[in-house]
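In what follows, subunit A forms one complex with subunit B and a second complex with subunit C.
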Partner chain A sequence: MGIVEAILLSVITAATPLVLAAAGELVAERSGVLNLGVEGMMIMGAVCAFAATQLSGSPYIGVLAGVAAGALSSLLFGFLTLTLVANQVATGLALTLLGLGVSGMLGESFLGMQGIKLQPIAIPVLSQIPFLGPLLFRQDAIFYLSMAIVAGIHWFLFRTRSGLKLRAVGDSHGSAHALGVDVIRTRYMAVLFGGACAGLAGAQLSLVYTPQWVENMSAGRGWIALALVVFASWRPWRVVAGGYLFGAVSISQLHAQAFGIGIPSQFLSSLPYVATIVVLILISHNRRMTLINTPASLGKPFVPDR
Partner chain B sequence: MRIELEKRAKVSALFSILSPFIAFALTIVFGGIMFALLGKNPVAALYSFFVEPLSEVWSLHELAIKAAPLILIGVGLSVCFRSNNWNIGAEGQFIMGAIAGSILPVVFYDWQSPLVLPLMLVLGMIGGALFAAIPAFLKAHMNTNEILTSLMLVYVAQLFLDWLVRGPWRNPQGMNFPETRTFGADAILPEMIASGRTHWGFAFAIIAALAVWFMMRYTLRGFEITVLGQSERAGRFAGFSSRKMIWFSMLFSGALAGLAGISEVSGAIQQLRPVISPGYGFTAIIVAFLGRLNPLGIIAAGLVLALTYLGGEAAQLSIGVSDKVTRVFQGLLLFFVLSCDTLIHYRIRLVRERFAALKADEAH
Partner chain C sequence: MKKLLLALATTTAVLGFASVASAQEKAKICFVYVGSKTDGGWTQAHDIGRQQVEKELGDKVETQFLENVPEGPDAERAIERLARSGCGLIFTTSFGFMDATIKIAQKFPDVKFEHATGYKTAPNVATYNSRFYEGRYIQGQIAAKMSQKGVAGYIASFPIPEVVMGINSFVIGARSVNPEFKIKVVWANTWFDPGKEADAAKALIDQGVDILTQHTDTTAPMQVAAERGIKAFGQASDMIAAGPQTQLTAIVDTWGAYYVKRTQAFLDGKWETTSSWDGLKDGILTMAPYTNMPDDVKAMAEATEAKIKSGELKPFTGPLNKQDGTAWLKEGESSDDATLLGMNFYVEGVDDKLPQ
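Moving on to the complex of A and B:
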């Protein structure tokens, strides 16, 4: 395997959790819910996936546990913001803080343990294609899932009636309610899906990216995923483009550190965060474009009148 | 069974006061359940978590030391949150304030003068405010979401501090430990009371809280903050500029976070290390909400959250639970605060689906 292939492979591995978490959040935001708890749901997914893998011996059980943990965390967020109409920004922060705390406690007995890696699955025939084969068709199940999920979201949002309803809820919850769409139920579903995706992203971190448990191992990826949704102007395939761009940035800074070029490692490590800010500026400085793309009811609470 | 909300005709004064207490009580109940699940006696655990740290003079001083940054930052954040500006990067502004204030005792360590300390405090505020100016500028002039930018800058600040103390600012006589020189006598924030370690940072916190309370209650600026926060449109009609408010609230909260940072470093740690905060900037968000964004409430809330830090340490020593419990308690507390705040604006009803329909029919 050549050096180019190796680098591209590591970019894909670094990008997959970002793509997954951002894709899930995109659906929630399309329904009008701003869940800032992605980081918390992700880290809960990571710790539960690692723990379940250790206890059961199977990383696939781990993946399921990660998804379940993310979904359950998001349900907590949904209950507060949708049923009790609590402030979405504050509740999202609460979810992140709680997730970081709970994961630290749950994971304490797993610190330093040798992890079990989710093994790649080679797809017959396709994996034999030179260059592309090993890159795209000799990957782990979570990578395949991430692509399927993005394609599925695109199809759902823009090709199905339910997707249209979900977008309607996000753009004008009052009108959607008047037309008989159950706004709260739609939003619960979207939030739950977002949580499951964030949990899956977390599972990828502790089962594929670095198969071990380290406290705070999500390291701000949940927040970067939130920025990616803005970057993608709420369009599923652009999330993939953005995710891979960020994956490339974080991998290139790792390689730059390894080669020991004259820049201090801390400056290189801050590159993904600075890049996020730069990208946000580029994408949102045009006020009108931002206004057109943003779901109009994003972050606004809805109480059905009876 | 379903939960229904019914909007109250006016804000419930009772629950405005009661809701933080209900939230705290619920946190304790849940904490007890959690300790029981961990196989500890919940009563003994809660006692060592919430009561033991209050039983000795030295630990009361520790409480004040930890409450000082929480109150300072929380008060600043309350101005931001009330005006609908979501600065969640106070942790970064805390760090940059600490760094800016430490320029004098670390770089110009030879200079000894009574002016050193006041200059350090001013530099700390400037450092915090300048770092908050980045998300402020980006929001006010580039239309960029301040939540994400201010948070991203926390990581940048942490890495910058790490570089400083391992690189250019490392103590040349420090056996290669990643720390700066210890501060000289002129650069140390003195203790406030003879009986223990509480430094003047606590007094700054109380003064800041009282000043903001006065501002919110009696000045036009306070009114402007409230109006713009509740309705930007209404604020514009009143001639208030939301762009200026972004600048004001972000710089103000950044300066207070910076002051908290330099006070902590100069009063409690007395040098710079790779990590100088156990997450004060994030915990202060909880403090602001538990205090219901009211400066006087924030003083009380700051003390409560300082107690969770001490309780975590105490519980680790006396009953052997992890000090990670602290973070869990803090997260739980914010969750309960936010859910209890619903009671202020809404009546909550549990409705049995079919039953309710039948009743409605009978009524007709």
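Moving on to the complex of A and C:
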């Protein structure tokens, strides 16, 4: 295995949770809901995935548990912000704090346990392609899912009637409501989907990235995912570009250090953030396009008039 | 209305008095942790020390702790909260709490503080540290014996004297066995991020190191080493569970005896500010069992450990040059503690540029 291949393999592992969480959040935000609880939903997904894997012996049960945990956490957020019309920013922050605390409590008895890794699945024929095969077609199920989810989101948002409705709800909930779209229901679905994706990202952390449970193991990845959505100007494939760019620069800077190129490590450590922001700003420089893509009702509460 | 206010005031006064009274009965000993008390590494080792205080002096003291306190200005609020809540003696257990500890100590002259691994003291601030570098010297020797390629990977956290000292000691130990030995250093710029630590471990292994050592807090690097089939050293706690076939040994921090000693001094009213820096011989750090290595390597490690304990061997003893080749210590000359505690240079043989 060449060094380039080794680097790319690490990049894929590092980028997958960011892409997943950001893709989920993108759908929620496209429907007009700003959920700052990504970090909390992610860590809930991580702990539940790990616990379920330990109890059942199967990492696939773990993946399901992670998805369910993320979705349930987001349901709480949805109930507070959509049904009770609580402030989205405050509720999202509270969800993050709650998730970090509750996950620590749930995970207490699973600390120090040997994790069970979600094993890669080689896709017949494709995995035999030189170079690309081992990279893209000998991966774990969560990686395949992440790609399928992004493609699915793109298709759904821009090629289906329901996707159009969802975007309408995010752009002008008043108009969508007047046209007979069920704003609250649409937003509930979008928030739930976002939570499920964050939970899946969490499962990736505790089953693939580092198969173990430690408190706070998401270490801020939820916040990076949130930033990715904005800098990708709410476009699904740009989220992938941003996530992989971030992962690539993070891993490359570690290699650069190990190689001993003599650039201060503090500077190298900040590179992923700088590079991702710069590149995504450049590709989103068309102000008109950015405005079109920004959900105009983002973060605004909606109370239907009955 | 006035009556109600008066009643309220009285109640508060009584309650306030009551809490003071109970504080006099049982002294409150408090701890500030940078990570989670169950991180399997640094903070867990401190918490085991706290539990020992609770166990041995539980009839006279109660302990309290705050975990996951971020380093830097945020730490001030946490420490101040403990000082206000009636803690008599507060242990702040991370290097990055240094300035916050000094600042809050000035505000609360009657509260005693103990700061781990720092170098600033005050009339009510003592410092304590452990000579981890003694263990790293032994690890370096083992690495030089066990490595096929003669290159070890070192996952470092932040460029502070503590960490630089560890890298130097590891290299000096390794070069005492194999003068050609090299290390590759990766700065993770974090104490705690399993994903990033694992990435650093993968990067180092991909670049050909076949021994891994870490100065970060989680077992993620050990896990990667196990998966890739190379050997590694544990950090702060015995990490053998994460790599039964991987861990060679680990530096295990055993703070308990020190915490009990200082708490006792505090209870007796004999607490005074000190700068304590104990080592292997005092039992403030111990080496986890030497495993996964041939008997001769194990014998060498044990012999070195015994020599360090007896004082016969001091890792930072000349002839030693600095990284740029200038002379640092003459033949037989040992470094003084002040130089070590402020260490901001590499010794010869470290293949990395020290971030300044």
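Heads up, the rule we're going with is that the second predicted complex is superposed on the first by the 265 of 306 C-alpha atoms of A that agree within 3 Å, B and C clash if a C-alpha of one lies under 4 Å from a C-alpha of the other, contacts with A are read in each partner's own complex, and residues count from 1 in each chain.
The rule is short, and it goes like this: a contact is a pair of C-beta atoms (placed from the backbone, for glycine too) under 8 Å apart; a residue touches a chain by one contact, two chains touch by 3 or more.
Being a predicted model, the structure only gives us computed values, none of them experimental.
Scan A:Trp223 for contacts with subunit B and subunit C and give back first, second, both or neither.
first
In the superposed arrangement, which partner chain does A:Ser269 touch: subunit B (first), subunit C (second), both, or neither?
both
Check the contacts made with subunit A and report whether subunit B or subunit C touches more of its residues.
B
Touching A:Ile251, do we find subunit B (first), subunit C (second), both, or neither?
A:Ile251: touches subunit C, not subunit B.
Which holds for A:Leu280: it touches subunit B only (first), subunit C only (second), both, or neither?
It touches subunit B, and subunit C stays clear.
So in the superposed three-chain picture, is A:Thr186 touching just subunit B, just subunit C, both, or none of them (first/second/both/neither)?
neither
Once chain A of both complexes is superposed, is A:Ser73 in touch with subunit B (first), subunit C (second), both, or neither?
neither
So, A:Gly104: does it touch subunit B (first), subunit C (second), both, or neither?
A:Gly104 sits against subunit B and subunit C alike.
In the superposed arrangement, does A:Asn35 touch subunit B (first), subunit C (second), both or neither?
Neither partner.
Quick check on the output: what are the common subunit A residues between the subunit B footprint and the subunit C footprint?
104, 108, 219-220, 264, 266, 269
Which residues of subunit A touch subunit B once you look at their complex with the stated criterion?
My answer: residues 36, 76, 80, 83-87, 89-91, 93-95, 97-102, 104-105, 108, 219-220, 223, 226-227, 230, 264, 266-267, 269-270, 273-274, 276-277, 280-281, 284-287, 290, 303, 306.
Can you list the residues on subunit A that touch subunit C in the complex?
Listed in rising order, the residues of subunit A that touch subunit C are 3, 6-7, 10, 14, 104, 108, 111-112, 114-115, 205, 209-212, 214-217, 219-221, 250-251, 254-255, 257-260, 262-266, 269.
Would you mind writing out the residues of subunit B in touch with subunit A in their complex?
Where subunit B meets subunit A, its residues are 3-5, 7, 86, 88, 138, 142-145, 147-149, 151-153, 155-156, 159-160, 162-163, 166-167, 282, 285-286, 289, 322, 324-332, 334-335, 338-339, 341-342, 346, 348.
Would you pull the subunit C residues touching subunit A in the complex into a rising list?
35-36, 38-40, 68, 153, 159, 184-190, 192-200, 202-204, 206-207, 209, 218-220, 223, 241-242, 351-353, 355-356
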